[in-house]
Amino acid sequence: MSTWGEYFRVTTYGESHCRSVGCIVDGCPPGMELTEDDIQPQMTRRRPGQSALTTPRNEKDRVEIQSGTEFGVTLGTPIGMIVRNEDQRPKDYGNKTMDLFPRPSHADFTYLEKYGVKASSGGGRSSARETIGRVAAGAIAEKYLRLSHGVEIVAFVSSVGNEHLFPPTVEHPTPSTNPAFLDFIEKIDRNTVDSFVPTRCPSEDAAARMTKIIEHFRDNNDSIGGTVTCVIRNVPVGLGEPCFDKLEAKLAHAMLSIPATKGFEIGSGFGGCEVPGSTHNDPFIAAEVETKLGSTSSSAQRLVTKTNNSGGIQGGISNGASIYFRIAFKPPATIGQAQQTASYDFGDGVLEAKGRHDPCVVPRAVPIVEAMSALVVMDALMAQYARESARTLLPPLPKTIPTRPTTGTN
Amino acid sequence: MSTWGEYFRVTTYGESHCRSVGCIVDGCPPGMELTEDDIQPQMTRRRPGQSALTTPRNEKDRVEIQSGTEFGVTLGTPIGMIVRNEDQRPKDYGNKTMDLFPRPSHADFTYLEKYGVKASSGGGRSSARETIGRVAAGAIAEKYLRLSHGVEIVAFVSSVGNEHLFPPTVEHPTPSTNPAFLDFIEKIDRNTVDSFVPTRCPSEDAAARMTKIIEHFRDNNDSIGGTVTCVIRNVPVGLGEPCFDKLEAKLAHAMLSIPATKGFEIGSGFGGCEVPGSTHNDPFIAAEVETKLGSTSSSAQRLVTKTNNSGGIQGGISNGASIYFRIAFKPPATIGQAQQTASYDFGDGVLEAKGRHDPCVVPRAVPIVEAMSALVVMDALMAQYARESARTLLPPLPKTIPTRPTTGTN
Amino acid sequence: MSTWGEYFRVTTYGESHCRSVGCIVDGCPPGMELTEDDIQPQMTRRRPGQSALTTPRNEKDRVEIQSGTEFGVTLGTPIGMIVRNEDQRPKDYGNKTMDLFPRPSHADFTYLEKYGVKASSGGGRSSARETIGRVAAGAIAEKYLRLSHGVEIVAFVSSVGNEHLFPPTVEHPTPSTNPAFLDFIEKIDRNTVDSFVPTRCPSEDAAARMTKIIEHFRDNNDSIGGTVTCVIRNVPVGLGEPCFDKLEAKLAHAMLSIPATKGFEIGSGFGGCEVPGSTHNDPFIAAEVETKLGSTSSSAQRLVTKTNNSGGIQGGISNGASIYFRIAFKPPATIGQAQQTASYDFGDGVLEAKGRHDPCVVPRAVPIVEAMSALVVMDALMAQYARESARTLLPPLPKTIPTRPTTGTN
Amino acid sequence: MSTWGEYFRVTTYGESHCRSVGCIVDGCPPGMELTEDDIQPQMTRRRPGQSALTTPRNEKDRVEIQSGTEFGVTLGTPIGMIVRNEDQRPKDYGNKTMDLFPRPSHADFTYLEKYGVKASSGGGRSSARETIGRVAAGAIAEKYLRLSHGVEIVAFVSSVGNEHLFPPTVEHPTPSTNPAFLDFIEKIDRNTVDSFVPTRCPSEDAAARMTKIIEHFRDNNDSIGGTVTCVIRNVPVGLGEPCFDKLEAKLAHAMLSIPATKGFEIGSGFGGCEVPGSTHNDPFIAAEVETKLGSTSSSAQRLVTKTNNSGGIQGGISNGASIYFRIAFKPPATIGQAQQTASYDFGDGVLEAKGRHDPCVVPRAVPIVEAMSALVVMDALMAQYARESARTLLPPLPKTIPTRPTTGTN
C-alpha cells in the first residue's frame, strides 16, 4: 500500500504520465501555520537539472495545498496536496524499443509480472516522480518537529563510487569512532550542503574528487552510485517502539523504500562489526542539557552518552544523542551505452537509451532522505505523546518501584 | 506495537522474568498440517549454550500451541503459542549494581525514559527472549512457503570481526559481482550451516579464522560483532508493494528489528556503490524455469536475469532470482571488563558484569534472521494473492493494452 | 484517520471551502476498464437539488481521475480522484451569527474542542461534501464486484418519520419474517428506486405518504428523519472475519460513519428480539444455485437457508443469501426556526438559519449507503481471496478431517 | 483479523476445545497498578450458570497475567493473558448428529465454507468463549479510564422479547426525549444491575415481566432475544475521529462484533427518525462542570447540551454528555426443539439439541458490552492524547483565527 505512518500518515498517488502526483497527509497537528512556502523549498531541492552534473530536464514542481488549512493554519483535517505533471498523456504503445524490451535493472519486468498490465512509463510507480508526495509530506513533518522540539535534519553526500568524505581506515573501520566525524555531524547545516551543489558533499576536497568520478562516468555514458549520510539532531529521548518497530527499523524501512537504495546502516554500522565491544559501548556521563519544548527552552542535568557508536538509538529507542545513518544508492540503471538483453517475447537484442541521463542520482536524493527521516521521527513522536500523556494522568506509584518522575512528554 | 504483518500477522509478548513469552499468529492459511514438531527445531537452534563459544546458560524453550489447530491441522483461526520462562519472578530491586547504573549500550536507560517504569531486567522487551515468539511464528510461515512454492531460506555467518567468508576485493567490492559467491548461495543448506557449529560459517577456512577471533575476545572478557548473510530461493515473481512497502524495505525493517543489528544491505549493497552501472545492471535472458506451485511442478520459458546484483528485487518487487542480503550485528554490550560509567543519580562509577557472557551473538542470530525472512515473504505473498486473485476474475482486456496473460497467482 | 479498508483502501480529504475534495483509492485490482463515466452517475445521484423536496443548491461535482489508469484501464496503482469546490474561499470570521453560536446538534462545538481551531464552515470534515470521496471510491468497488461476481447493491428509503414501506406489525415485528418483504428485496433495482424521486421510496402508496410528511415539515421550517434499507445480492459465501471484523460489524461501522446516522440493524434487527428462536432460526435446504465467477456462470447444488432472518450473515460470515440492513437518519439539524441556545462565550441567544434547508436528507443518502456497502464487501472479498488462494496451494489433507473441497475462491 | 484498536490494541485467540483462550493487550499505559484482581470480577460476571434462568454449565475462568506487569504495576509492554479451557480436547468426528448437519443460524456452515476445514466445535471462533479475551482486555481499559477521568460504564438489560424497561410510546417514540430515561441513565450503577440477577434489568416491575417471558420460552424448549442498553459517563470532550472513525461508528463496529447481535442505535436511534428536528436538536447552555483529570478534580463553566438526543456524540466526536446506546441480541440459535434442516450432503433430516440451553443470553452479554465500550473509548482517548499533546507544543496563533485555548488534553 502507498501509505506511510500510523499517527502522521501519508498516502501518495501518481506515476509519470498521469494528470498529477500528490499525497494526503492525515494526522497533522492542528493550529500550525502552514502554506505552500513551507513546502516548496524541499520540492525544488529534489528537482533535477540543478547543475551540469545532473540531467538537464527541468520540471516545475509547484505544490498546491487542496485542503486541511484555512488562512494559513492547519485545521487538523487531512491535507491534500497535488503537483501537476507537465506531460500528462501516457505514451502510445508499440512504437518504441522500450515497448519490446524490459529495461535491465528497471522495474518494467517486475511491474508487468506483478500487475499484469504495462504502464506506458514501464515501471509505473517506480518513477522518481513518486517521491514528490513524500517530500511534500516530509516538509510538513519537519516544520512541526522544528517548531516543537528544535529538531534539525541534514543529509549530505558521503561517498560517490569509492571516493568517501570519511573513508574507512584501519584505526576507524567505522567513522563512528572518529571524533572528527562526530564533530562534523553536530555542525553541518543544509545551507552548507547546498553550497556544494552539484555534489552536495560538504568538503572542498571530497567534492572535487567526487565531481571527477561523476564526470568520468558521464563521459563514458555510464553511471555510478554513492551514499548519503543523514543526521537528526535534538530528537527527544524515548522515541521508537520496542520489538518490531524499533526506531532504527523504521528508519531502515523508510530509507530502503526510496528508489535505487541498496543498504542502510546506523551508528557504527557494518564497520562497527570490527570494533571490540569494550570500545563500541557508549558509557554514560552526566551533563547539563538544553532542551527546547514548544516555545520554551530549559536546561537540566541529564545522562548522556560519552561516545555515540549507537547512533542515538539504544534498544530501538532514541537516547537523546544525534541519530545518524548512511544509505547506499546503486548506479542509475538508465545508461547511454548499448545493452545486450532479452525482449518480452524471449528474443535477443540490444537496448540503447536515447538522450542525456543522470550519471549519479545521489545529490538529488538528499531532500528525499530528509523527508523520510522527518516522517519516521514525527510518527514515533506522536506514538510516544499518546503513551506519555496517558501515563501522566495515573496516580503516583508506591516508592518501592523504580520510576522516572512524571514530567509530561519527554 | 509488538505486531508484524498485515495478512500473516504476528503479535508477541513477554520479557525475561514473567510467566511466559509467546505470540499469536493470525491469518495462517487453514488446512495445513502443523504441530509443535514443525516449530521446535528452530526454537532449539536459537537457544544459547550450544557450544563452548557461546554462553553456557541452558534454557529449555518448549513451545506449546494453545489454539488454532485441531488434530494437527490449522483451522485458519489465530494460533496462540507460549513458551514458559524458567525464571518467572522479577528480581528484587535495590540490591545490585545493575539497579544503580544503566548498562552502557543496553536499553536500561532508554526504557526507563520511555516508559517511566523500570523493569527488573532493565531493558524489558529488549531481552533476547523477545525473539522466541518471532522464531515460532517464522517456522509456521516457512512451512507454508516450502509446501506451496518450495521456498528455501538459509542464513549463515558471513563475517566475524574483520574475518569474512567473501572478503571485499578491488575486483569485487561487493560479492554480488563474484560468480563464486552467487554459486555458493544457490547451494548452501541449513544442515551444512549447522555442521559448522559453533560459528555457523559454512567454510572450513573462514570458520577457523572466525573461531580464533571469538576465542580472542572471549579470553579478553571482550566481545566482537559480525554479519549474517541470508538467501531466500524460489520466491515467486511479483512480491512486494511499490512505494513505501518495497520488498527490500520490509526486509530491512524486519532485520533491523532484531536486537543488536546495525546495518542491512541487499544484493550489491554498499559495495555496489562502487560498481559502474554498465556492470551493475542485470540483463535479461530467456531460460527454461522449473516452478513449484502447490503439489505440482511445471517448467516453462521465462525471462530471468543473467546476473543478480539486484539481489532478486527490482523496483521493490521480486523478480524470481534468489533474494540475498546481509545484516550487521554489533559486539554484545555485556562484557566482563569493568566499565567507567554514570549512575542513574549522576554519580560516577564502575560497572562490572558477573558470570560468563557471549562474546559473539552472530551464530545464534541465524534462525532469527530466517524467521523474520519467512514472515516478510509470507506477508508479501498473501498481499499478492489478494490482488492476483481479484485480477483473474476480470474480463479480458482489448488487445491494444499490453498485458501479461491471466495465469493465476505467479 | 480518514482511511477505510485494509485491502481496497480509501483515503479522503477536503472540507467545504477548500480547493477540492477527493480521495486516493489504493489496492484496486489491475486490468479493469475504468473511466470517469463509471463514477459520475453515483456522484450525480448524491448531489442536492434534484427536486422541490430537497435543497435548491446546485453543485456540479465532476470527478477527475488523476492517476492509476491509462487508456481507460486500471494499473493497480493508487487512483487519485478530485472534485473541485465551487466556493473555494474560507469565509471571513466575525461577521455572522454562526461565528458567535455553535449550532445545536451540529459539529461546530465538538470540532473546536477537538482541534482547538475553528474551521470557517464550523464542523470542518463533518460537511456533507466529505462524502464525495466515498461515493467515488464506492463506484469503483461496485464496478469490480459486478464484473467479477455479479454483485448488485440497491438502497432505498424505507421510512420517513413514522411512515414505513413495511411497517412493523404484531405478526411481523420485523419485516424479516414477512415473505413479501423478502420477495421485494430480491427484485428491487436502482432504476425503480430513482423513478420514485424525490422520495426514493419504491412504492406509490408509501412514497405519497412520505411526501406529505416531508412537505409538512418543510412548510413548518422544521425537519424530519427516516431510514434507508439496503440489499446486497450475490455476495459470495465466506466473506467477513470472525471475532472483531464480522461482516455485519464492518457494515455497522461503515453506515454509522455516514453523517446524521443514529442506528443500524441487520436481518431481523431490533424487531428480531421479539421473535422466538424456533421461528428466527434459518433452516438449511439444498438448492440448485447459479454462480457468476469472472466471465463464466455455473450452476450447482448447494446448501442455502430457507428463510433469511440472519440477513445473509451467520457468525460474522456471509452465507450466500442476500445481505440486507437498515440505517436510521436523524432529522437534519439545520432548520429555519429560531433556536434558543448559548453562544461560545456563554451568553444566551437566538440562532436563526437563513435560506432554504433540506427538510429530509434520507433520499440523498441512498448512493452514499450503496458506496459504503461496496467498500465493505470489496475489502472482505480481497481478504478472503488472500486466504483462499493460500489454502488452495496446500497438499490435500488426510480424509479423517472434515473439509470442503479445494475449489478456488468461493 | 482478531485485533481491535490502534493505540490500545487487543489481539485474541482461542476456540472452545483448545488448550486455552486469551489475548495480548498492547499499548497499555505504563505505571498503572494492575493484578488479576482487577480483571477477574468482569470475567466472573460473564460466566454462565449464575442463575436458574441461564445455562447450568459452570466454567471456571481464572485469568492469568503472563507478562507486561511486575510487582503489580504495568510496564508499558504487551500484557499476555490466558484462561485455560476445561475441555481441551477436540471432539472426535463422525459420531454425532452435529457432524452431519450444519446447525441452523449457527456458524457451522459459514466457517466450513470460509476456511475449508471443520472445527470440532462447529463454528470455531464463533464460540462464546471467544469473548473471554475481550472482557479481560476491557477490564484493563476500564481501570485506566476510571483512574484517569472517572469514566463510568454501566450496561443493563433494557428489553426481553417485547417487554421493555422504557417502552416506546406515542409521546416518546425514543426514550431519548423522556426525562425519566435520561435521569435513569445518569444514576444507574453496576451493583444495582447485578442485584437484579438473573435478568440484569434494574427495575422490579420490568424484571418480573422479563423473567416470565424467559421462563415461558425455557419451558417451551425455545429461546428469545432482547436488548442491552449501555451508558458511558464522564467521557472527555473531543474523542472520536471525523469521517470513517466517528466515535459512534466504532461503537457500532464493536457492538456488532459481539456474537448474536443484530442491531445498534445511539442516542435517539431508530425512534429518533420520528421526532421533529426542532425537538431533536440539543441546544447549548452554559453550566458549571466538575472534571476529573488524573488525581485532581476541577470545576469550570462550560457549554453543555440541555437535552441529549445526540447520545453524547456530535459529528462523530464526544461532546461531554453521557454516551448511551442500545444493542439488539437475537434469540439463541441452540434450542431444544427438533428442527427440520438439510445435512452437509444435501439430505433432509431433523436436528435436536441435547441438554439444557440458555433461553436468553442478554443478561450474560452485559459485561461483554461494557468491555467493548471500554476498548472503544480507550483507543479514542489515546488517539486524542497524541493529537492534543502535539498541538500544545506549537506557538500561539495570531488572534485573527478563532481557537480554543491550549489547555492540555481535554
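Going in written order, the chains are labelled A, B, C and D, and every chain counts its residues from 1.
We take it that a residue touches a chain if its C-beta (ideal position, glycine included) is under 8 Å from a C-beta of that chain, and two chains touch if they have at least 3 such contacts.
The structure presented is a predicted model; accordingly, all values stated were derived computationally and were not measured.
Relative to the C-alpha centre of chain B, the farthest chain centre belongs to C. Looking at A-C alongside B-C, one finds more C-beta pairs in contact between the chains of A-C.
A separation of 24 Å divides the Cα centre of chain C from that of chain D. Put simply, the C-alpha centre of chain A and that of chain C have 40 angstrom between them.
Between the CA-based centres of chain B and chain C the separation comes to 44 Å, rounded to the whole angstrom. Residue numbers of chain D whose C-beta contacts span two or more other chains: 1-3, 12, 27, 30-31, 70-71, 73, 76-77, 114-117, 124-125, 242, 387-388, 391, 397, 400-401, 403, 406. Against chain D, the residues of chain B that register as touching in their complex are 1-3, 9, 11-15, 17-22, 24, 26-27, 30-31, 64-71, 73-80, 82, 90, 114-117, 119-120, 124-125. By the touch rule above, chain A contacts chain B in their complex via residues 1-4, 12, 93, 99, 101-102, 104-107, 109-118, 123-126, 130, 159-162, 173, 217, 220, 222-227, 237-246, 248-257, 259, 261-270, 272-278, 280-286, 301, 303, 305, 309-311, 313-319, 328-333, 335, 337, 339-342, 344, 346, 384, 387-388, 391, 397, 400-404, 406, 410. Put simply, chain C touches chain B in their complex at residues 6-7, 27, 29-33, 70-71, 73, 76-77, 144, 147-149, 242, 293-295, 381-383, 385-397, 400-401, 403, 406, 409.
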